[in-house]
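Below is one structure. I have some questions about it.
Order as written gives the chain letters A, B, C and D; numbering starts at 1 within each chain.
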Amino acid sequence: MLDSDFFHRWMTATAVAVDREAGRLTELDSAIGDADHGSNLRRGFAAVTAVLDEDTPQTPGALLALAGRQLIATVGGASGPLYGTLLRRTGKALGDAAEVTPGQLAEAFGAGVAAVGKLGGAQAGDKTMLDALLPAAQALGESFAAAREAAEAGALATVALRARKGRASYLGERSIGHQDPGATSAALLVAALTEAGAARGDDGSGS
Amino acid sequence: MLDSDFFHRWMTATAVAVDREAGRLTELDSAIGDADHGSNLRRGFAAVTAVLDEDTPQTPGALLALAGRQLIATVGGASGPLYGTLLRRTGKALGDAAEVTPGQLAEAFGAGVAAVGKLGGAQAGDKTMLDALLPAAQALGESFAAAREAAEAGALATVALRARKGRASYLGERSIGHQDPGATSAALLVAALTEAGAARGDDGSGS
Amino acid sequence: MLINVPETVVADALRGMAAAHPELTVDVEGRLVVRRDAPVAGQVGLVSGGGSGHEPLHAGFVGPGMLSAACAGEVFTSPVPDQMVRAAMAVDSGAGVLFVVKNYTGDVLNFAMAAELAEDEGVQVAQVLVDDDVAVVDSSFTAGRRGTGATLFVEKIAGALAGEGAPLERVAATARRVNESSRSFGVALSAVTTPAKGSPTFDLPPGELELGIGIHGEPGRERRPMMTSGEIADFSVNAVLDDLRPDGPVIALVNGMGATPLLELYGFNAEVQRVLTERRVPVARTLVGNYVTSLDMAGCSVTLCQVDEEMLRLWDAPVRTPALRWGR
Amino acid sequence: MLINVPETVVADALRGMAAAHPELTVDVEGRLVVRRDAPVAGQVGLVSGGGSGHEPLHAGFVGPGMLSAACAGEVFTSPVPDQMVRAAMAVDSGAGVLFVVKNYTGDVLNFAMAAELAEDEGVQVAQVLVDDDVAVVDSSFTAGRRGTGATLFVEKIAGALAGEGAPLERVAATARRVNESSRSFGVALSAVTTPAKGSPTFDLPPGELELGIGIHGEPGRERRPMMTSGEIADFSVNAVLDDLRPDGPVIALVNGMGATPLLELYGFNAEVQRVLTERRVPVARTLVGNYVTSLDMAGCSVTLCQVDEEMLRLWDAPVRTPALRWGR
């Protein structure tokens, strides 16, 4: 079972990963965007861990909803509302249970990803964070590791795509050949699940 | 004897030399000034030859005075009034004779150089055009070639000097180690006398 | 870069604005610049904002006759909904608020969230989406045209109308009309260095330029060997005219991207006017300067807005902001 | 560079100014920008000018309340006497003309020649020499201090006084008082590329800066590893204050050299104000922007002018020029 500690660890692990990879994310965004994705997410997840460290909500749902609101309040740009909505809607779908199963998380995460799709109007193959999030949501029913692999494969696959949403779409053909920054950070978020689970030997394969 | 044709050839030869060396003059001015000396003098001497080609004054004095006025009217910057004054005052000193001796030219040129010193307030060793003009005026009594050598040596010697006049003076110690652009162009002007003389086998050594 | 650390660039700039402009209320913490006399009774409030790095847009356009408030995001990053909600509440006199939103995914999403939240607080909100950049093909294959130079036209003309006490629907409708009547095209002669990245966003060798750039340091649609000012004017003005197809007088904004010397920009304006004359487009007004910028990018953009008599009257109306000032 | 060919840069810019500013008379051939209503009966005419590349200085300051006319030289090259004489004759109403001359050998010599020629034409001429740059030691070992940011103060304040109908001696005396009350210091973060040279005037690696630069792309007195905005403010403001030693309020000009983004410049202003507060210097007014520039140079300068009540009143007086506009 995954308790609010697990979700706290997830957010912390994401913050650490985003901080470590911020330069790379900004570099990727510099090629086909506006060179701010790394600093955007670093600012956002630092704010998330700050608020969670101060006052940790006692249910997974409340915790993710708070994290999502915090992202919306501090990130800005495209990724702020999108990642914020992802966590807020995942949290909302988890309801007010004190603990949830990996299966419940997988389902809720699917709802969160769907909300991202609805908000941004993007679909699979548009070269956005969805190209990592959609396969990850799919594989999350299996295990954290499977979700991680799916997200990473999805992010890598964006290299060949032509962007149809977000700033990269302005480049038309010239967006091909570069990995999408948002898909790359989405893979970090999903990978952090494994880390959060590893602390308690939870690999997300139970249901 | 030097007639107005000789002075016309002098101005033309100077214009050719300045045009050829404009890049180098600007490069020198870029190191210790504002990167315009080459284009300034190119514009000025092109205007001088244009006006002389159209309507050549019949006396050396009138020709140089016209050339000087033309420099003042087209160059601007520090070098415009200074070179303009040099030619105007040299011309004035030549009076209205139809031909002048090299000795008369040497004397008149000395008056022109003195006027430059008075107008700009510079002295020998201040790292200006005067460091080429003053020794040239001195040696002009001997021959054009001697004047040329003196001017070139004077220009070279400015490398070691610290500027006390003009823009280069703003650099203080940092002006040392660079050749003065105005002294360099002054050497071109003096060297052009040899060319103007060579056309008729006049080496300026008669008096 | 003339900065302390990348993290404080926006806050530092707001502190500096506060010191230079006592006629504005600057909330450094909240990243807001507001007209000191807001809310103005009986007037619709005009709120805009966006990522920083485009100065004087938007904060430099706050004042009588133009914006009521501007929200400053991080560099090239849309502000967050909280800022916009606080701006809306600060300027709402009861006549409602118009959000002027440049068409970027981030701005659109954040302003949309803010509009919902502000309505919850009892503020009537309308929005105008600015999307004037013809370099982007407006299709389902893109996020739609970017909002660039036309933002200045929308903010000036809608701001003048709001100042006359027009109701929200009319201010919003006119703002939309200005946007629909405007098109832009931009060219970069150098890339941008953002504080966060610290090095140019792309490599642009001195002898080349990027055609069809936006205002966020992104590369353009196409790279070419360097062109003359006249050739750039031909290309840009034709790109704008072929899309706008005006059948009446235009206002021209000949805009520098931030690092273009005014000497060059005025020279470019001469070429822009030549092309407009050749294409028989009458020019009612021309504004030349660095107004909608992209940090230290060298380059320029041309925005044309076809105007009717009302729009021209509102353009000419008095304005008193840090960056745009005329009339009475 | 956004140019056609180096030879036509100044003429192109003047054509572009003419198109954008119908309120000015622009003589492209003669390289003059003149107030359309000149000469103004009973008013002293204010004429300035200098090399191009410092825009909006000087042509951008022509208009009611400031300059009557500006002469544009080639890039970084003083104009020639003919231009100044024609300007003087165009603006002289019989009340005489004040030449505002920045202290550079070229400007000084050309304006001096022009003054003689204009007097020959029956125009009464006075001159004020602007020399405010404390980076240059004023001794017999230099050409004297350069004229930089204080030029804006002199032109604004003397222009307002001339607009009130004050006689030539008083306008000239006040102009000199403004210059004597002003000091500047400038810093370059990048070199300049002039159209004629086409490459940077000196090599300045990204991690270094030049302290004590002028406005002509010349290197400064000293090169240092990059400093923060706060450190640059400390150095610059202290350099100015140690020379000016004001015992009353100042007007501050926080000036960009041309390619400094307004975002950075406002941030720099915050640091300048901090230093002024630390040194207990009251700031009466602050102006932030790219006003006295050096083509595409990145960098900034600080100019302080200690003001008495009259100078402050004249600073606040209405002005209507392309680049400076306020009041009524």
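Some points to look at:
Methods note: contacts are C-beta pairs under 8 Å (C-beta built on N, C-alpha and C of every residue); 3 or more make two chains touch, one makes a residue touch a chain.
Just so it is clear, the model here is predicted, and its values are computed rather than measured.
Contacts with subunit B and subunit C are shared by D. Using the average of C-alpha coordinates as each chain's centre, A ends up farthest from subunit B. Spacing of subunit C relative to subunit D, judged by their CA centroids, is 29 angstrom. Averaging C-alpha coordinates per chain places the centre of subunit A 32 Å away from that of subunit C. Note on chain placement: the centre of subunit A and the centre of subunit B lie 74 Å apart, centres being C-alpha means.
Residue positions of subunit C touching 2 or more other chains: 75. Taken as a contact graph, with one node per protein chain and an edge wherever two chains touch, the assembly forms an open path, each chain linked only to its neighbours along a line. Applying the touch criterion to all chain pairs gives A-C, B-D, C-D. Every residue of subunit C that touches subunit D in the complex is listed here, in rising order: 1-5, 8-10, 12-17, 19-20, 52-53, 55-56, 60, 75, 189, 228-230, 232, 254, 258-271, 273, 283, 286-288, 290, 293, 295-296, 298-300, 325-326, 328. The touching residues of subunit B, when paired with subunit D in their complex, are 26-27, 30-36, 38-40, 43, 72-82, 119-120, 162, 164-167, 169-172, 174. In the complex of the two chains, the subunit D residues touching subunit B come out as 6, 51, 73-82, 104-106, 109-110, 113, 135-137, 140-143, 146, 192, 194, 196-197, 201-202, 214, 216-219, 221.
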